[in-house]
Structure formats: C-alpha cells, structure tokens
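You will see subunit A twice below: alongside subunit B first, and alongside subunit C after that.
Now for the complex of A and B:
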C-alpha cells in the first residue's frame, strides 16, 4: 500500500504540472488547448533526436524545454489569433476546434515520420529506500525536478510582480488593463510557460516510463481531467487534484488493474463535478 | 489637460454618445452629470481607452490618445476608476495597491499618502479585497488608481451602491485630493454631492451635452434644479 501511494505521489506531482499548464491558459484567456499533449510529445521527441545527434541528456532536455516554449509561442502567434478576437463561449469553442485540428495534424505527422520513436531517459543509480519502499532512481529524480518546478511556479505567482500581474488578469481582465497591464502580452507569456511545462512533463515522465509519439491525446485528456477536478483556472487546485488523482490511479492500478485506471479517473472526475461543480478549489461563478 | 472633441461611441454599431465635446483644465474638478442611461459610462470608457470610438478625438497633455488602449492610457497619467471598480477580489488590499503602480515598484511615499487618505485600507491591509464592504472597495479602487501617480483622476459614479453617509465620506476624500492639486473628472447621478466639489460641469442627456457651465451657474439653472436637484 505504501508503495502504491508513493508511486501515486510521483505520478500525481506530474499530473499537477501537466494540469497547471492547461489551467493557466484557460484561466487567463478562456482558451482550451487540446494540442497540449502534442506539445509535450514533440518536446520529448526533439529531446530524443538531440540526444541521438550526440548531445548529452541534460543539454538535450534543455533543448526540449525550449522547444515546448517555442511551440507555445507559435500557437499564440498563429492559430490563436482568430480565437482572441472572440469572447466568452465563442472563444472557448473556437479554441477547442482549432487546437484539436492542430493536434490531429501534429499527431498525423509524428505517426508518419517517427512511428516507433519514444523518449526513454534512463536514470542509473541504486534504488533509494523511502519509508521502507525501494524507489527507482528515475522516479526520485523525476519527482525532485517536479517539486522544484512547483516551487518555482509558487514563487513566481506569489511573490513576483509578473506573477501578480498574471493573477490579476485571471481575476479581472478589465481591472488589469486599468492598472496598465496588457492582457495580450500576459497571454503570450503564459502560452510559452505552458509549453515549457508540457515539455517538463514529457521529460520527467520519460524517466519513469517511455513516452512514445502517440501519447499526445492521452496526456491532454489526463490534463483535462485533473484540471476539471481541481477547478478550471485554479493553480493550487491543479496540484491538489493531481496528487489526489495520482494516488487514486496508482492504488487502483495495483489493486484492480491498469486497464481500468483511466475509467476510474473519469469516475473520480464525474463524482467531483456532481458534488462540487466548480472543482476542488475552483471559484464558483 | 484633457480635451474631448466630437466623440461618438457605443456598442455593436449603434452610438450611445454622439458628438460629445468637453475639456478639463489642469487643477480643475469637472463633473459630468446625467441620469441613468444618459451615456456617462460609455463616454468615460471611450475616453479611457476601454471602448473604441466611432469618431472624434481625445487629447491628453497635448498628445493625441484617441484609440490608445486603456493599459497605455493609464501609463500616460490618466487613471480611471469605473463604477464597478474592477478590483482583484482574491488578492489582498496590499496586492491591489501594489498592482496599481504596475509596472513600477510601488512608491512608498505615494502608498503613505493613500493610507493617510484612507486609514481603513491600512487596517485592512492583508484582507482580501472581495471580502470588504462596498465603501471600502471604493476606497481601494481610488487608492489603486492613485498608486499610478495620475495627473488626472477619472471617476465614474463613485457613490454607486453606497449608503448616503459613506457616499459623503467618499466625496470628502475627493475634496482632500483636490486640495492636494489633483485634477478630477467625475460622472455622477447624485448631483448635489458632485456640485459641492466641482468647478464646472456638463449635463449629459441622451448621449449628448445638453448644458454646460460653472457649478454655480448649473446649480441655479431651473432645468438642473428640477431634473437633478429635486427643487421645483
């Protein structure tokens, strides 16, 4: 039991980062990015190709992070431009359609050009014993990186001027304009950040299990489930929901079976929505 | 200081205000009075860059700011306090004030002045803005606007939803800002309050300026007396 809970925490931290990238973009601009998983996969693939070209893992991973950020920026500058011209529900809907289209195009290309590739970063080292459970070095390193990322995000949003500016746009866009903040610039920054977070998920995930080029949609769906349970637009909610669902997923996988884990996650999401429609930490409108 | 010439603006292609011109000089307090739906809010939103103009020109400090978005207008020294306040409800009073100075670091002297003007904000410094009373939120909205060190403070119906005594206190605070030399433009339905502190005024009726004059001229005008002051 302790082992599956620890595994669940490892997974849950990654779920949290995955969902944070989605929920920020939605909270800030009312845009749901269904190509989010594909950004993660492409970043992972570029990391792999860079390593195959002869670079060591750490610089290759940095190239992967930059790839994620650049992809976010490209989305902002291209297919999201018509989305920004719409407001409210029309904006959400158009963002769903356009990013879904982009996701299909990216998936198709990856399946055609790199059908068998998968990023698998093997971290060598003896297993570490935590609470009497032997944890693989890969899981420990992945969790360490993820915890640092969460810490940095927390510091950014809580204590920096830029972080406050971003939160102000989420809370009241017109108010933020009145104090001199350009919501469009904040949105661009958040899309870059979201792309980097997607890349971080792909890279840390590949330290635990291989991330293949077909993982895009399942990553997006996982991110959406965690986001909805945590409350759309809530960053702490994303991390809380990530941990809860990670543990549920891991415990269910080891006691019931892996084949049911996605269904169990969906059931957990459905129950949350029935009990708390705004999500765990979401703000009721 | 502010010159508005022939401004028309509205929503979905139909103009709510038509061909409105007025001006505010340095050091003055100017009011725009009018009943509900006269177009005061639309006019202010257009002047402050929250709403595109369909025609006309806005000049501020000698520069053309027509069509400049709100986030740039405030950096030129024109701070707008909307009637709905648009505070950041899940942030503390402190964070709201700090954001008022964006993108600069908050000036500690300005912050002190704001807390002197509204001691209540100091008492509630760490409280979330969304949990405060209407009067306190209005103080915070004005305080946040002052943090940008504006040359001109524009207020849209600052007394909306406030109890009469709270409304009078709000105007007392505006009076103190006026004494400190701040130029103020205020739209108001509660005309007696605005008349007491302003030098000049314009009456906005059905989206157009119907009457203009000094405050004493307006106070003695029979139309203003019957329509806005309740004196027959």
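Now for the complex of A and C:
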C-alpha cells in the first residue's frame, strides 16, 4: 500500500504539471488545447533524436524543452489566431475543433514516420529507501525536478511582475488592458510556458516509464481529467487534483487493474462535475 | 454572420439550414429518393466482396454521421466519443448474443439502449454547468479513451487487440452481402426519418432556438439542458444501433472498428463536409469520404494527417460545409436572389 501511494505521488506530481499547462491556457484565454499531449510527445521525440545524434541527456532535454516552447509559440501564431477573434463558447468550441485537427495531423505524421520510437531516459543509481519502500532513482529524480518546477511556478505567479500581470488578465481581461497589460502578449507567453511544461512532463515521465509516440491523446486526457477535478483555470487546484488522482490511479492500478484506472478517473471527474461543478479549488462562475 | 449570432456563442455550428420544410410528403419523398439512389450501389459493386464490405461500412458511417449531427449539429455538444458509443452497441450486441445467449434482436435492442443511456448520462453530467458545451467535449473525450482502454484491457471478454468473431447472425441473411447492405440502408433511412421528424416538431424548434442563441432560448421557455440531454439520448441510440448492426453484419469487431482515430475523426470530417445541421449533409459526406478513403488507402497512417488537416480547413474556411457552399454557388444564378449566408435568419 505504501509503495502504491508513493508511486501515486510520483505520478501525481507529473499530473499536476501536465494539468497546469492546460489550465493556464484555458484560464487566460478560454482556449482548450487538445493537441497538448502531442506537444509533449514531439518534445520527447526531439529529445530522443538529439540524444541519438550524440548529445548527452541534459543538453538533449534542454533541446526538448525549447521544442515544447517553440511548438506552443507556433500554435499561438497559427491556428489559435482565428480562435482569439471569437468569444465565449464559440471560442472554446473552435479551439477544441482546430487543436483536435492539429493533434490528428501530428499523430498521423508520428505514426507514419516514427511508429516504434519511444523516449526512455534511464536514470541509473541505487534505489533510495523512503518509508521502507525502495524507490527507483528515476522516480526520485523525476519527482525532484517536478517539485522544483512547481516551486518555480508558484514563485513566478506570486512574486513577479509578470506573474501578477498574468493573474490580472485571468481575473479581468478588460481591466488589465486598462492598466497597460497586453492580453495577447500574455497569452503568447503562456502558450510558450505551456509547451515547456508539456515537454517537462514528457521528459520526467520517461524517467519512470517509456513515453511512446502514440501517448499524445492519453496525456491530453489525463491532463483534462486533472484540470476538471482541480477546477478549470486554477493552478493550485491542478496540483492538488494531480496528487489526489495520481494516488487514486496508482492504488486502483495495483489493486483493481490498469485498464480500469482511466474509467475510475473518469468517474472521479464526472462526480466532481456533478457535486462541485467548479472543481476542487475552482472559482464559481 | 450577424454580431448577435457571434455573441451567442454556439453560432459556430449553427445557421446552416434556416428554414425547415413542414411538408411530410416532401420529407419522406426526399428520403425515399436518396434511399433509392443508394439502393443501386449493390448493382454496381455487388460482385466484389471487398467493395460490398466498404459500402456497408460507408452506410454505418452515414448512420454515425446522422447521430453525431443530431447531437453536435442540433445542440452544439461536441461529442468526441462517436466511435466509443458505436462500440458500446457493437461489443454489447456481440457479447450479449454470443456469451450470454441473449436472442440476437434483444441483444441489439439492449445494447442500443445501453449506448443511449451512456450518451445521455455523459450529456447530463456535462450540462450540469453553465459551460456545458466545453464539458461535453472534455468528458466525452475522456470516455472515448476509457472505452478503448477497457476494450484493450478486458481481453478475456473482448479479445483485446485482435478483437472477436461475432457468431450471432452467421448463417442468416445478415451475412449475405447484399441483404446486409440493405439492412444497413434501412437503418440509415430510419435515422434520417427520426431526425427529419424531430426537426419539424416542437423539439426541432427548440434545438434551433438553443443553437442560435442559448440565452434567448432559455428566456423563451426552452429548457436548454433537458433538450441537450434528449438530443444526446436519441443521437447515441443511433450510434449504438448502427454499431451493433455493423457488428452482426461484418461478423467481427476489434478496437479499430470503433477506434477514436478510425471513427471520430472521419465522422467529424464527413459532417463538416456535408454541412453541419443539415438533414442529408451527413449522408452525402459519408458517401464522398467512403469513396475518397478507398482511393487514399495507400497513404496508410498519413490518412490520419490528411483528415486532421481537413478538420482545420473545414472549420476555418468552409464552415457551412462544402456541399451547402457548392449548392449556394449553383443557386446564385443571374436573376435569382443570392442564397442567404450562413447564420442569417430571415425576418
């Protein structure tokens, strides 16, 4: 039991980062990016190809992070432009459809060109004993990186001018425009950040288990579940829900069966929507 | 597109068909004409087992597209689990009939009801909240993936990746190519009749009202959430029925028969091509893309890329649908008034 809970925390930290990237973009611009998982997969693949070209793991991972950021920027400059011109539900619906199309384009290309590739970063080292459970070094390193990322995100949003500017756009787009913040620029920055977060998830995930080129939609769906449970647009909610669902997922996988774990998460998301539509820490609209 | 419709939100999928004919003979006449045309297909390809298989699958997709149209086109709920709901019908029918010994017709009916219940439940969960349209997209996508995981994981029942042979229906007329085709065509007609009758009823009026302007519809006394769930129930029943019948006729189901990448992406393209919200658009789209898909079979995985690109192109530039746009161009002959643009309601 302790082992599954610890595994769940490792997974949950990654869920949190995954959902943070989705929820930030939604909270800021009312845009839902269904190609988010594909951005993660492409970043992971580029990391792999860079390593195969002879670069060590750390610089290759940095190349992967840059890839994620660039992909986010490309999305912002291309298919999201017509989305920004719409408002309310029409904006979300158009963003769902266009990013879904983009996701299929990326999936189709990857399945055709790299059908069998998978990123698997092996972190060697003796297992660490935590609470009497031997944790693999990969899991420990991955969790360490994720915790640092979460810390940086909190610092960014709480203590920097940029973070305050972004939060003000989330709260009141018109008001922030009046005090001289350009929501378009903030949106662009957030999409780049979201791409980098997707890349971080792909890279840290690959330290625990291989990330396959077909994983795009499952990553998006996991991110969506965590986002819904945590509350659309809430970053603390994303991390809290990530941890809770990570533990649920891990315990359910080891005691009930891996193939049912997604159904259990779906039910968790459905119950959350019915009982508390705004999510755990979301703001009621 | 008027500013009001833009502000209303769901205008993205609305406004294709502005006037619905109240004439019953005209409705049944046009459905019969279309059915008669499609009934000629076996004369053309009937001697080829492979081509008949493709034609039957094409008709199944026509049903899927009509069901999806009823949910998405009428009420703006983006259901991303078309394949999964058809799979509930397909695997449900196969397992009930083969494993549980339920009579074939009863198995089909129970699975159809099952699919309707699942679709209605997903919609009911989604409309709990003011942002129902978005939640429908999210929760159905989650369901689609959960269903795929379930089918792959519960391999003792479903055969996992390889799928299962469906022995129910073997030895009956369903497995004779032409008869199977006509059964499927009958289902297409059934779906069209149901959708056609709904459109000209009070329900259709409510659908158009909530699609064009949700707030105004609510103010006019339309229970928007309830009608969304109704549309999801009926549409999902169509998906489940077509999926179940296809399993009986094809004699084999596998995860790719009802896969997200194999069904949903194609159905969205078919509907967007044929004209969202129109009665015959989904069937025309299904016919066009069944033929195109056969021509593009050599592309393999790149077909997925092509469909993804088509979704982007269709929703960015040809939102009315290719067929309605072409029809509008043809109608715009000198001397006659131009066809009304998408979203413009007369009056």
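The rule we apply is simple: the second predicted complex is superposed on the first by the 285 of 285 C-alpha atoms of A that agree within 3 Å, B and C clash if a C-alpha of one lies under 4 Å from a C-alpha of the other, contacts with A are read in each partner's own complex, and residues count from 1 in each chain.
By our rule, a contact is a pair of C-beta atoms (placed from the backbone, for glycine too) under 8 Å apart; a residue touches a chain by one contact, two chains touch by 3 or more.
Just so you know, these numbers come straight off a predicted model, no measurement behind them.
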| item | value |
| --- | --- |
| Partner chain(s) touched by A:164 [first = subunit B, second = subunit C, both, neither] | first |
| Which superposed partner A:181 touches (first subunit B, second subunit C, both, neither) | first |
| Touching partner for A:34 - first (subunit B), second (subunit C), both, neither | second |
| Partner chain in contact with A:228 - subunit B first, subunit C second, else both or neither | second |
| Touching partner for A:17 - first (subunit B), second (subunit C), both, neither | neither |
| Touched partner set for A:48, first subunit B, second subunit C, both or neither | neither |
| Which partner, subunit B or subunit C, touches more subunit A residues | C |
| Partner chain in contact with A:274 - subunit B first, subunit C second, else both or neither | second |
| Interface residues of subunit A shared between complexes with subunit B and subunit C | none |
| Footprint of subunit C on subunit A - complex, ascending | 32, 34, 79, 82, 86-90, 92-94, 96-98, 100-109, 111-112, 115, 217-218, 220-221, 224-225, 227-228, 232, 257-260, 262-263, 265-266, 269-270, 273-274, 277, 285 |
| Subunit B residues within the subunit A interface of the complex | 48, 50, 69-72, 74-75, 79-80, 82, 85-91, 95, 98-103, 105, 144-145, 147-148 |
| Residues of subunit C touching subunit A in the complex | 6-13, 76, 78, 80, 125-126, 128-131, 133-135, 137-139, 141-143, 145-146, 149-150, 152-154, 214, 260-261, 265, 268, 300-312, 315-316 |
| Subunit B-facing residues of subunit A, complex | 161, 164-165, 167-168, 171-172, 174-183, 283 |
